[in-house]
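Each in structure tokens, the structures are laid out below.
Next come two complexes built around subunit A: one with subunit B, the other with subunit C.
Showing the complex of A and B:
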């Protein structure tokens, strides 16, 4: 039986593997190869060894800032964002009268495209007519005109707030996992006199380890490709205050026409992502038994 | 016995369906596989298919950002329509619409890396340099020599603007004469006239502010267009050195006294004389501030004139309130657009692309652009129709202004590298929030220019 199944497994995996090789593997090999070249649009790549990487780590403050911002966003997303989603899922799981309504409303920001969310926040935080400043003005400060996205003191915070609290995907995944926990466990706990709080802390949360680990990976890696909202709101500015690695790659490739250098940043970004995923896998022991 | 047979059949069928669905994703005909792509010569192609003996029209690809709400969307549509009516049997233009200037530029740059550029390309914002360096375009010299009438319609000055080492790489379709528009009512209430000097310009700003108006509709997002037009005027009118700088293609040293002085003045304007949302705002915000009577001045070209009588964009009768003025020191931004390039690879498509470009940039194309888009033609032969003069008297004023001004210079967008154009949006907040001085910004601009490959 095992032998027969192996044949089917190979057959069904083959198209995916072929597609992966064509779409990703070849691209990654080209990306890696050209990261050692000087290559701009309209010219052929010229091998320059490690020059791009040396410049990246020794003489590029924009890269350092982009890396730092990306790292901070990965950290925030994989901790606070996941925590918000998990807590919300546990609250919804109590199945109070509002739970379906709350679940639907919380989903809204996640079903709107990033560009639309960016536009929405641009309007809400507009210094002139934005809702936030208008509310502050209503409370007496008539001249209040905070430029949330362009002021150095608020830009990073404002951009972060366009995605950090909206963890509906995490909530949905966690809710599905909670639903899979056998009801008998809860019944036993209740018979033993455990409160709902204790059930949440000592039964539900420990049993969510695998899915929380998965959510941490999903949320963290989403920050390695975050571009749309940043482009719509600050474009990486003011200065390089909200620049991350994807925006930096875009700028070096398409604005500076420096594809070789841009690809070296791309290789670094892939490496960073792999290290992050491996760390999370080990930290949460994903795939191993809940016990 | 039945089960294994069923399993095998099921597996084979599934694999076949998967293979078919994958192969269906790739079609050889680009005009048929993209939802965005639209063939704009239905009549011609239809006629060709009805008569098998007739030669099928040559298909050429053309990407355009002049669509939707773009100021030049109407003229683009009309040019293509009239070209199809005239040459549709010979050439079929397959148009792909890209609804944003920057998305167009990004797409072209990526296509250039793969060497697969469209047959007709608009070479704006550095695209021309990339295509020339990569040997991806064909010069127009032979075509122009064969058609002296067309050569005359474009004019020596426009051709010279796009000539490198004796080769004409692109054909310009329009001249940009850019001053600024002002709200006559607000000027009257503030008791001022368009400024003749920069001191007077700043004093006007102060008087407008004292009269309760926001003087300038500025924006630093996107390419900081309306802000940088004034910055260009500040530099371009600052002596011979400033004027030379603003007429130099790809300047590499921004650390000049003229640039630093201009940046300091712009800092004052952004701090004191513009809307609260100017930092980070896009063109739409600035245009809206002016057209909705919120700001007294906006720097922009004549293509904006149509918006002043458009009730969806401006307040009622707004066009009657608007005047047009030159920048101080009797000066104006005056540039030729890069225009169109031939990216076609085969002799057949090259000729077809040239025919399309010849139509767009010849007398007919320029006339359409003038009448439908308020675009200043490159040819002196073309004059606005009486209907246009009556509908847009401000346009006639703009033409007069262009003839009267004596000092001319280009816009930043037309001279600097694309990475400089992209940098303004992050540099202006630095300047205004005091993170960097004008001197530091000038040095940073020099560093950014050096990074361009």
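Showing the complex of A and C:
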């Protein structure tokens, strides 16, 4: 049977292999290859060794700011964001009257297009008619007109708030994991007289190590591709206040046509992601059995 | 101890309320505002609209070629999903069922694609799509999105195929069915739930994607809905109500898909995460 099917196996795999080559393999070869070249649109790439990388680290304040911002966002997302999602999952798991409603509604900001999320927040935080400023005005300060996204002091915070609280994916993953814990564990703890709070802390939480590790990786790496919301709200500004690596790649590649240079940033971004994933896998000992 | 416990309960409800408010608040506020006139928005930003008029929605479709963008989004969503499901269904089936040379190499390569942030591929993919003559074409977006969904769809589908007992195919072969007949007549129909889950995830990816839509298209002929918000932000800016209406037009389909197919979305997310 195996011999007879060999042709079909190739036939069934070939289209996906072609798709993989077009989208990923070719891209990676171009990315790494041209990251060592000086290359702008209409010209041929010229090999310049490590010059792009050296410039990135010694003489590029926009890159440093983008790297720093990306790092801070990865850190916030893999800690606070995951913590919010985990706590919410544990609360929802008590299955009180609101739990299904809350679970559904929490997902809304995660399921809609990032461009639309950006637009929602752009409206909410509009200095003239935005809901946030209107609420502040209700409480006395009638002239309050904070320009959240364009003011140096608030821009970073405002952009962060468009994703930090919205941890529905974490919540859903953790709820699924809790549902898989055998009921007998809780029973025996209850018989021993443990309170619900103690059960949450000493039984459920330790069982969640693997999935929390996975969530940390997912949440952290999602920050390596955040572009749509930033493009919609601040465009990386004011100045380079909210610039991150994806926005920086977009700017150098498609607005300055500095392809070789932007691809060296791309290589750096991939490396950054790999280091982060490996670090988390070790930290949470993902893959090894519980305890 | 009693006070502490009461405090915790209060804290719990405050937290739940805050989360619901943060999730639903912006959405409901923009929905309300999409029925208001400019004057209402400026003077009565927090209140109910005077009447539920749809003129903002009508205007939104007039100011921006939203219907063109809508059609593009629907085409990209449907065909990006169908292409992805067909290719990954075939590949996932073979990878789940048969042993052959290079299998592990192939699986390794496919799952490596999860580790590459999309932004790193911006310029290289632009070059590839351009070279293939697919720049500013809906087909280009369809192919690229089918590729982006490769790792998640492959994982969801091949895990589903693994749950199907081998006897199903063996009896089909005994009845004289060919390999292709067995796949399309026997395997596909019983794998509907797996395809449903992968399909919903893939559709949402196609519908919401922004960063490659922006670099692979130019002009209104092949742009998708998320881009409408970006490019017409300034045109809408003078007429706030229209801007709100346009935002709702983009949001509502995603929310409808989610509410109708919540089960698939949830299991799709879980499957994707296990892979990561």
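Just so it is clear, the second predicted complex is superposed on the first by the 269 of 291 C-alpha atoms of A that agree within 3 Å, B and C clash if a C-alpha of one lies under 4 Å from a C-alpha of the other, contacts with A are read in each partner's own complex, and residues count from 1 in each chain.
Assume a contact is a pair of C-beta atoms (placed from the backbone, for glycine too) under 8 Å apart; a residue touches a chain by one contact, two chains touch by 3 or more.
What you are looking at is a predicted structure, and each value in this text was computed from that prediction instead of being measured.
*Asks:* Clash or fit: subunit B and subunit C on subunit A?
*Replies:* On the shared subunit A, the partners clash.
*Asks:* Is A:234 touching the first partner subunit B, the second partner subunit C, both, or neither of them?
*Replies:* first
*Asks:* For A:17, decide between first (touching subunit B), second (touching subunit C), both and neither.
*Replies:* A:17 contacts subunit C only, not subunit B.
*Asks:* Quick check for you: in the superposed arrangement, does A:80 touch first (subunit B), second (subunit C), both or neither?
*Replies:* Touch status of A:80: no partner.
*Asks:* Give one of first, second, both or neither to describe whether A:8 is in contact with subunit B, with subunit C, with both, or with none.
*Replies:* Touch partners of A:8: subunit B and subunit C.
*Asks:* A:207 in the overlay: touching subunit B, subunit C, both, or neither? Say first, second, both or neither.
*Replies:* neither
*Asks:* With both complexes overlaid on chain A, does A:138 touch subunit B (first), subunit C (second), both or neither?
*Replies:* second
*Asks:* Determine, under the contact definition given at the top, whether A:88 touches first (subunit B), second (subunit C), both, or neither.
*Replies:* Second partner only, subunit C.
*Asks:* Contact-wise, after the overlay, does A:259 reach subunit B, subunit C, both or neither (first, second, both, neither)?
*Replies:* Both partners.
*Asks:* By residue count, which of the two partners contacts subunit A more extensively, subunit B or subunit C?
*Replies:* Of subunit B and subunit C, the partner in contact with more residues of subunit A is C.
*Asks:* Using the superposition on chain A described above, determine whether A:274 touches subunit B (first), subunit C (second), both, or neither.
*Replies:* Touch partner of A:274: subunit C, not subunit B.
*Asks:* Which one hits subunit B, of these parts of subunit C: 62-70, 98-106 or 116-124?
*Replies:* Among 62-70, 98-106 or 116-124, the clash with subunit B belongs to 62-70.
*Asks:* Identify the overlap between the subunit B-contacting and the subunit C-contacting residues of subunit A.
*Replies:* 8, 12, 15, 19, 128-129, 253-254, 259
*Asks:* Quick one: which bits of subunit C touch subunit A in the complex? Just the residue numbers, please.
*Replies:* Where subunit C meets subunit A, its residues are 5, 8, 12, 15-16, 19-20, 22-27, 29-30, 33, 41-42, 45-46, 86-88, 90-91, 93-95, 98-100, 106, 109-110, 112-113, 115-128, 132, 143-144, 146-148, 150, 154, 173, 179-180, 183, 204, 207-211, 214-215, 225-227, 229-230, 233, 240, 243-244, 247, 250-251, 254-255, 257-259, 262, 265-266, 269-270, 273-274, 276.
*Asks:* Where on subunit A is subunit B touching in the complex?
*Replies:* Going by the criterion above, the answer is residues 8, 11-12, 15, 19, 38, 40-43, 126-129, 145, 147, 149-152, 234-240, 251, 253-259.
*Asks:* Inside the complex, what are the residues of subunit B that reach subunit A?
*Replies:* Interface residues on subunit B, with respect to subunit A: 11, 14-15, 18-19, 22, 105-106, 109-110, 112-113, 126, 130-136, 220-221, 275-277, 279-280, 418-419, 422, 425-427, 429-430, 433, 435-436, 451-453.
*Asks:* Residue numbers of subunit A touching subunit C in their complex, please.
*Replies:* 1-2, 4-6, 8-9, 12-13, 15-17, 19-20, 22-28, 30-31, 84, 87-88, 91, 98, 101-102, 104-109, 111-116, 118-124, 128-131, 134-135, 138, 165-166, 168-169, 172-173, 176, 197, 211, 214-215, 217-218, 221, 224-225, 227-228, 231-232, 245-246, 249-250, 253-254, 259, 262-263, 266-267, 269-270, 273-274, 277
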